[in-house]
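Let me begin by handing over the structure; questions about it come next.
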Amino acid sequence: MLEELKEKVLSANLLLKELGLVCFTWGNVSGIDRQSNLVVIKPSGVHYDKLSLNNMVVVDMDGNIIEGGLRPSSDLATHLELYKKYQEIGGVVHTHSRYATSFAQCRKQITAFGTTHADYFYGDIPCTRALTKDEVEKEYEKNTGKVIIETLGDKDVMKVPAILVSNHGPFIWGLDSISAVMNAAYLEESARMAFNTLTLDGSTQMIDQYLLDKHYQRKHGKNAYYGQKEKK
Amino acid sequence: MLEELKEKVLSANLLLKELGLVCFTWGNVSGIDRQSNLVVIKPSGVHYDKLSLNNMVVVDMDGNIIEGGLRPSSDLATHLELYKKYQEIGGVVHTHSRYATSFAQCRKQITAFGTTHADYFYGDIPCTRALTKDEVEKEYEKNTGKVIIETLGDKDVMKVPAILVSNHGPFIWGLDSISAVMNAAYLEESARMAFNTLTLDGSTQMIDQYLLDKHYQRKHGKNAYYGQKEKK
Amino acid sequence: MLEELKEKVLSANLLLKELGLVCFTWGNVSGIDRQSNLVVIKPSGVHYDKLSLNNMVVVDMDGNIIEGGLRPSSDLATHLELYKKYQEIGGVVHTHSRYATSFAQCRKQITAFGTTHADYFYGDIPCTRALTKDEVEKEYEKNTGKVIIETLGDKDVMKVPAILVSNHGPFIWGLDSISAVMNAAYLEESARMAFNTLTLDGSTQMIDQYLLDKHYQRKHGKNAYYGQKEKK
Amino acid sequence: MLEELKEKVLSANLLLKELGLVCFTWGNVSGIDRQSNLVVIKPSGVHYDKLSLNNMVVVDMDGNIIEGGLRPSSDLATHLELYKKYQEIGGVVHTHSRYATSFAQCRKQITAFGTTHADYFYGDIPCTRALTKDEVEKEYEKNTGKVIIETLGDKDVMKVPAILVSNHGPFIWGLDSISAVMNAAYLEESARMAFNTLTLDGSTQMIDQYLLDKHYQRKHGKNAYYGQKEKK
C-alpha cells in the first residue's frame, strides 16, 4: 500500500543523509497521504544505509501501526500534531543539524539577515518556549507538537516552513517530504550564515522588510520570475 | 553562435560548483563577447549537473534573449550594468559563498588583513549601501548594478575585482568568466581568514600599505616576478 | 589468543579514524577480556593504515606485554587504571578530537545544552583538575587515570561515559571498544554544538533537568522506547 | 643531479596538497643537500597537479638556477636565509594554511595551550615583528628570512620548528622536506585548536611548563617512549 509515498519518503530520508543534515540516526522524515490520512515515517534508530521500502512504517493519525514490522520514529507524535493542525503540510522533517540546533540550544531565533534566508523563509525562524516539566513527563512528543503550534499560531506556515524547539533542534515541513528536506537544507545554511553574522557583529539587524519581500516574492510570489516557468 | 564563449561560460559555471562556492543553484556566471556585444549566462534556477551548452542563454545588452529556450539568471540585469560601465570586464560571477555573504549580511567590508588578500585584491573589498525601498521595488536587479557602480566610482575595477552587496552577497568579475570564478574563490578564502582574524582580535588593523603594494605588485605589477613568464 | 577481542579492538581503532576523530596517530582504543584480565590495545605511534591483527598488543593488568612485538600505546597506564576501578567498562578510547580537546585546553566542562547531548550523556562532561608537577613527572599516564577517577568519584560512569583531562583531551569508554568509539563520536559532536552555543551566547544555561532526564531515559532507561526492541 | 632529493621534495610538495595545507598554488617546499650546498624548490605559481621531477628547480645558495627551466618559488630567498643560518635544517615549507595565517594576520603568537601542541612544539609559536617599509621595498623575501632569524635568535630552532611572519603566514622547517611538511600539518591543527580555545575563553593561559616538558620529552627526548624504537 502507498507504494509511491513510501518511495518518496524513503528517498527523502536518504537525501537528508546525502545533504549532510544528519549524523548517525539523528533525524527522520515523514510524508502524508491526505486521502487515506495515513503517514509514512522512518523506523526509529535504524541507520540510513539499512533503510528500504520494506522497513518504512505506515501509521494512522492516532499513531497506530498499519503496516511495517518496526517501531516508527520516536518523534512520530510531533509529526502527527503538525499534520492534524496544518492541512497544507505534506511532509515533515526533524534533524539535529549542527547550526540550527546550536541556535535551539540558546533558545534563540534565526533572524533573517540576508537574501539567502529570504529566498526561502519569509521572516525569522522562531524558537519555541521551553516545555514545562509536566509537558515533558507526559506525552512529550505530542506536547512538542503542541508548543510548535502555540508558537506558530495562525501564521501561514508555508511561508516560514521551519521552527526551532528549545534545547532540542529544528522541525521543518513542506508540500511533500522531498521539499521538506530541501527546506531543512536551506535552514541549516541560513543558520550557518546567521552564526557567522552574529560572530562578526552581535548587533546586526534584520534585513530591510522590503528586501525580504522582494526576494521571497521573486521566488514564491504570484509574479515569481526566478527559475523556469515549467518548474513552477 | 558564440560556441567558444558558451563553452567557456559553461566551464566557468561548473568550476564555481567544483570549487565549493555554490550550494544548490545559488550562483551564476556570465561572459561577454565585446565584438557582438552579446552576453552568455547561466539559465535561472537550473541545477549545475543539468547545465550543458544547449541550455546556456545568449542575450543582448538590453537583456533580450537572442538564443536559448530558458530564462536567463534573474541577476542578469546586474551583470549587464557592470558590462556596460566597465569595458575591461569580460566575466561576472554572483555567489552566496558562505563567508563573503556573512560579511555582506553585516554590511561590513572585508579588510585587507594579510598578503593572501593582497596577492589578489589591491585593498579592502567594499560593501555597498543598502538599497532604498524604491530601488528594490522597481528594477531591483538593475539598481543592484547601479549601487555597485556608485560604490566603485572611478576606481580601477580590475585592481579590486569584487564587491559585497548589502544583505545579499558578493559580485565578482575578471578578464573573462574563468578568471572571474577564480577571483570568487580568492575572495571566499580571504573572507574566511578575515572572519578568523576578527574573531581572534576585533581590533586588527589593515596590512601596512607598503606590504599590500609589494604583494599586489609582485603578482600583478609591471615587474611581476611571481609565477612563470609564459603565463603572464 | 583473544582473536575475537583483537578483531573488535582493531575494528574500533579503524572506526575511530573513519569517523574523523583522529588526525595522524593521535588516538588509541583498547578493549578488555574480563575473564583473563587481559587488555588489547593499539601499538604506539603506528599509523591507522598500518594496523592489523598482527600488530595489536596484548598486555596484562600491570602493563606487561603478553603478546605482540610492538610497544603498546603510551597511554596504556591510563586505560588500565580505568579498567581496574570500573568493572563495567569494556573498552576505552583516547583522542585529540578537535572540539572536545579545545574545551580541555580551557579546562572547561562541556555543559549539557541540549537533547543531542542528553541522548548519550546524563549530564555535563567534567574536566579534571590540572595534574601537579609531581604527578606529571612520576608515572604521568597512571596519574592521569587517577585524576580521572578522583573527578568521577563514585558516580555511575556508564551514564556519562567521557571526561576531559585538563590541557590534554578526552578519554571515553563504553561496554566494549566499539561502543566506546561511538561515545567518542557523540562527545565530539556535542562539543561542536556546545562551542557554537557558547559562541552565540556565553551565558547559555544547561538544559532543564527534566528534559535531560526524559531524553536520556527514552534511549537508556528501563522503559526506553527509542530504536527497535531487538537492538536493546 | 640530486635525483633522490628532487624526488623527496616533489613528494613533500604533493603531501602538502594532500594534507589540505594549500589552496591553489599558495605554498612551497624546498630541501637542501648539505654536501653540495644545493637547494631543490618548487617552481613559482605552478599548480600541484602539474608538478613533476622535471620542473623542480635546483639553485645554489645565492639563488642562481643550476638546473631547471622554470623560475623558483618567489619565496626562495627566505628559504635560503634559513638554510644559511641554521645548519640543522634540511627542509623548509611556506604555506597560507588558514588558521596559522589568521594568527599571523593578528600578529599574534600561537600559545601552547595543550599537549597536542606540546607533542611537536616545545613552546609558543612566535610571530615576527612587522617588516619596515624599507625592508619590504628592497629584498623583501631576503628580509623576511632576516626578521625570522631576528625573532628566533639563538634558540634551538628544531624544538619549535615554525614561526609566523606578521600579516603573511607561517614558515616551517624540519630535518628534511617531508618532516617539515608534517610539522606544517601539526602547526595548522594546533592553530585550529588554539583558535577554538581563545574563542571559548580569551583569557586561557599556557599549559603548565612541566606538562609541556613531559609531552615534548616523551616524544622527542633522550628517553622518549612514544612510538616504536625502530622508528626513532
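A few remarks follow.
Letters A, B, C and D name the chains as they come in the text, with residue numbers starting at 1 for each one.
In this text, a residue touches a chain if its C-beta (ideal position, glycine included) is under 8 Å from a C-beta of that chain, and two chains touch if they have at least 3 such contacts.
Quick caveat, the model's predicted, so the values are computed rather than measured.
Relative orientation of chain B and chain D, expressed as the C-alpha superposition rotation angle, is 90° to the nearest 5. Of all residue numbers seen at the chain A-chain B contact, under half occur in both copies; the interface is built from largely non-matching residues. Separating the CA-averaged centres of chain A and chain B is a span of 33 Å.
Each chain gets one centre point, the mean of its Cα atoms, and the points for chain A and chain D are 47 Å apart. In chain C, the residues that reach two or more other chains under the touch definition are 199.
In terms of inter-chain touching, the protein chains here make up one closed cycle, each touching precisely two others.
Here, these are the chain pairs in contact: A-B, A-C, B-D, C-D. In the complex of the two chains, the chain C residues touching chain D come out as 23-26, 43-46, 70-71, 74, 96, 98-99, 101-106, 108, 130-131, 133, 136-137, 140, 167-169, 195, 198-199. Considering their complex, residues 113-116, 185-186, 189, 192-194, 196-197, 199-201, 204, 207-208, 210-211, 214, 218, 225-229, 231 of chain B touch chain D.
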